[in-house]
């Protein structure tokens, strides 16, 4: 494979394009609503109408507005059909020929779409994720070619530094700096790992990227491997995402066949292989040292850092770990230049961020917005506010490591620093909207239960502290807790945060701390004054014995 | 080997390059509490009792896995650290059934000793009272999960000193427990060589010699130290 | 100086702490000179009196009677001392908690039927045998407690240190081995 | 003593291997291990395959994996029990996985779960006594856009209600 081959594939693909395309969303959400049958019937309706030469029915990745799925977009008509059933197919095919249709549509130029800026999701819902040619037609693998042929590894690192990209996994560590550290670490063998263990409940951005545009992640990883001097990559992906796994497997196979992965990529001396590692249901494996233990086939328990993976990672070798969205940002940055990327977003948070918008909100789905977009734009303008006349009470970001931002702070711009100031975190991109029906103490308990169940059990503060914090939250909800119990809860939050071994424990108190900060009255309403009298509301004096095993 | 100078609690000391804060402190006779560290086996930084404050570092650092750095200013015994250590111990005491009065290790237990030395007179958290079993199937030893604090010393000596790989942790979180082989009764674990290193390593009454009664179970760490020194330094005669 | 009104109560425990109290030997005589023992298993007093200054509580809270009396004790006493491991940690009586919620039937079954040599029958007479609580608790889980004296039993010297300090109006300060559980 | 221990060891392993020799699935599993060159770091992939073939990880199976990958049994057991995806107990004929991710939770997944628990009288992780239905929960299946989601026998089903979920279980019971 050389550049000419790549361009040839692109041209052939573009030349084969038909006058009309019907893009059918084939991501997991729409598939579970029957998208497969929709595509089959569209194929059939097109054939029945004898339009095979004019109409292409293309299965694509996520088309973002998940709540209205299955989605079908007709171009150049620019019609977006929603909640499509297989029976609707003939009617849609009639409509693209100029006829009338009663199939429900929504405005593809509505705020939900118009306020988005696509970098990571540019190919999502456009290219066919199961055909590498489709990705190449969208300028795929050009960046890799350019990097391999025209740039020294240190210049690639330099470009990443200039772009200002920060890790999209949650903590926001500068990506270029991380690449530079791995590149400088001595070692004959180095690894690149893509963290696709999207464990935050309420987050599905990485799943969508992998299902919709797997090659962009592979290309990003290959560029990273070249920059840091690695020849082996792993993608650690959750077993809960079978579609993402099969599409990745297919993408790796196709890329290998074309010589875009494997030995001598683009006929250069650079070799890079990618293997999949399937997670097995452990949230803690999103933590990088635990993830590496898991890749090595061990119990996914974290270890103290330093040494950091960049110095001593997988099997003791320098290892670069970035998450899916970070890698997906790399090809566009290389293609369009770091200055272009650095021109988007805010001073300290560059580029865009993908969010999975869900919960008590009208439009649920996937959005990509420039960093610095106010939360209110996301939840009100794009999300359409709370459904059924409810009032938005809070927005939860960062999953079990994040916090609840109350409605009065909705003018906050989304960037790493602003969310941090409110006791939340950017996180990987889960954004759950809560309305006035939501009990915030129960939300705190929900997340604490999550952390308690997901604690690996290695360090004492996390293993036992989450159990006691969960018990105290439970006691508060049962109206059996006293102000002394509240004080104990707050003290434990501080202790678990300060003393836990890894990020899971260190951030486990965050949802509780943030709800205590903004919704303290909801806690206080549930307290009994002290131990001297019987508890209020006839709650019984004693709690039931808990059995941990 | 180059020496590093640092201060621990204001005291100027020097330590070998590559030494941990815990080792440096130990040589300077500054005691840092720890439940998972055991001389001779690698450290895991799990119990968090040995966390110390280092000037200029916002996070608390585990003394057992943090290497000394020139000019480091370490504090091992601040009010904040003492408070966290007390809480850690209280959490442990509430986690399983540490009924000291009827424990074989009463009076010879590291958990119990740290509790009184840190001034714990009661546990402020509700006791969990979980149901855990006792494995008495081994000919020589017993394992009482009620007393286990999951420090994994037994696992580490079994794998890295004895090399048998009998013991491991199964499950996770609060459900984690020490197993033998394929979660078999200890007496049926084929790989166990009955060397007893795990029993010597245990900080509490979780692992014990059969036949010891309450308050009788003393540990003999010298055997572990002997074999580690023997292997590392080729010194096969005990120094005293 | 007014005489201190001292009480001791005995909940779910083996009475070993009270035995240790009696081991105070000659300090008992000193004590007798300075306190009125207004309620205790070792004196004949049916009702817990009002206005007690100090009460030593032995035992865990196991049944409804323990619970009712404990609330009365708290309401009528200035300073409560959790006296011994059963009061401080619930200790051996709480081993039955491991049977899980609703264990009371199992406990009675085991004690009065399975292990009975003669006349196995459950003690269920209303008003005679107090109902067991679903869960045995240390004292401080039910009411506020001022001081804790762990030990099984606490050695007489520790009792003397604590009670002596209370009588002299000082804040008791036990430390080191004096706080050893078990 | 040494002799008896050795005897016991062989007996146990031989039993497991005897068991394996009569079952085609072990051959498929071994072929899978071969694909990974019997690498010890592929343990989790091997366990995935084993569970796919056998439905759950029984002791002989774990012993077989441990023998073939040359890993101590305690290591294999420790890994198999660390990850929630692996099951050491047989599953029922049908599985019902209620997603308890945040999006599903705020949209009432807890009520769906409670309804199923009430109807089937089992808790998550348990199987009905007639072995018909296993109830499980998931931490988030990433179907947040169509919450609350329930997975019936592997099929993700959007926008579920307590009634719909119980209805599906009744259908299984009637079949």
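Every chain is named by a letter (A, B, C and D) in the order it is written, and numbering of its residues begins at 1.
Here, contacts are C-beta pairs under 8 Å (C-beta built on N, C-alpha and C of every residue); 3 or more make two chains touch, one makes a residue touch a chain.
These numbers were taken from a predicted model, which means no experiment stands behind them.
In this assembly, C is the chain whose CA centroid lies farthest from the centroid of chain D.
Two chain pairs are in question, B-C and A-D; the one with more C-beta pairs in contact is A-D.
Inter-chain spacing, taken between the CA centroids of chain B and chain C, is 34 Å.
If each chain is reduced to the centroid of its CA atoms, chain A and chain D end up 26 Å from each other. Chain C and chain D have CA centres that are 49 Å apart.
Rounded to whole angstrom, the centroid-to-centroid distance between chain A and chain C, based on C-alpha atoms, equals 57 Å. In chain B, the residues that reach two or more other chains under the touch definition are 124, 126, 129-132, 169, 171-172. In chain D, the residues that reach two or more other chains under the touch definition are 75, 78, 82. The multi-chain contact residues of chain C, meaning those touching 2 or more other chains, are 97-100, 135. Only residues 164-172, 179-183, 188, 190-191 of chain B touch chain D when the two sit together in their complex. By the touch rule above, chain A contacts chain B in their complex via residues 282, 299, 303-304, 452-461, 463-468, 471, 488, 491-492, 495, 498-501, 543, 545-549. Residues 5, 8-9, 12, 59, 62-63, 66, 72-78, 81-82 of chain D are the ones that touch chain B when the two sit in their complex.
Of all residues in chain D, only 39-45, 47-48, 75, 78-79, 82-86, 100-103, 105-107, 138-147, 149, 155-158 touch chain A in the complex they form. Those residues of chain B that touch chain A in the complex are listed here as 44-48, 51, 59-60, 62, 65-66, 83-84, 87-88, 91-92, 94-95, 124-126, 128-132, 149-150, 152, 169, 171-177.
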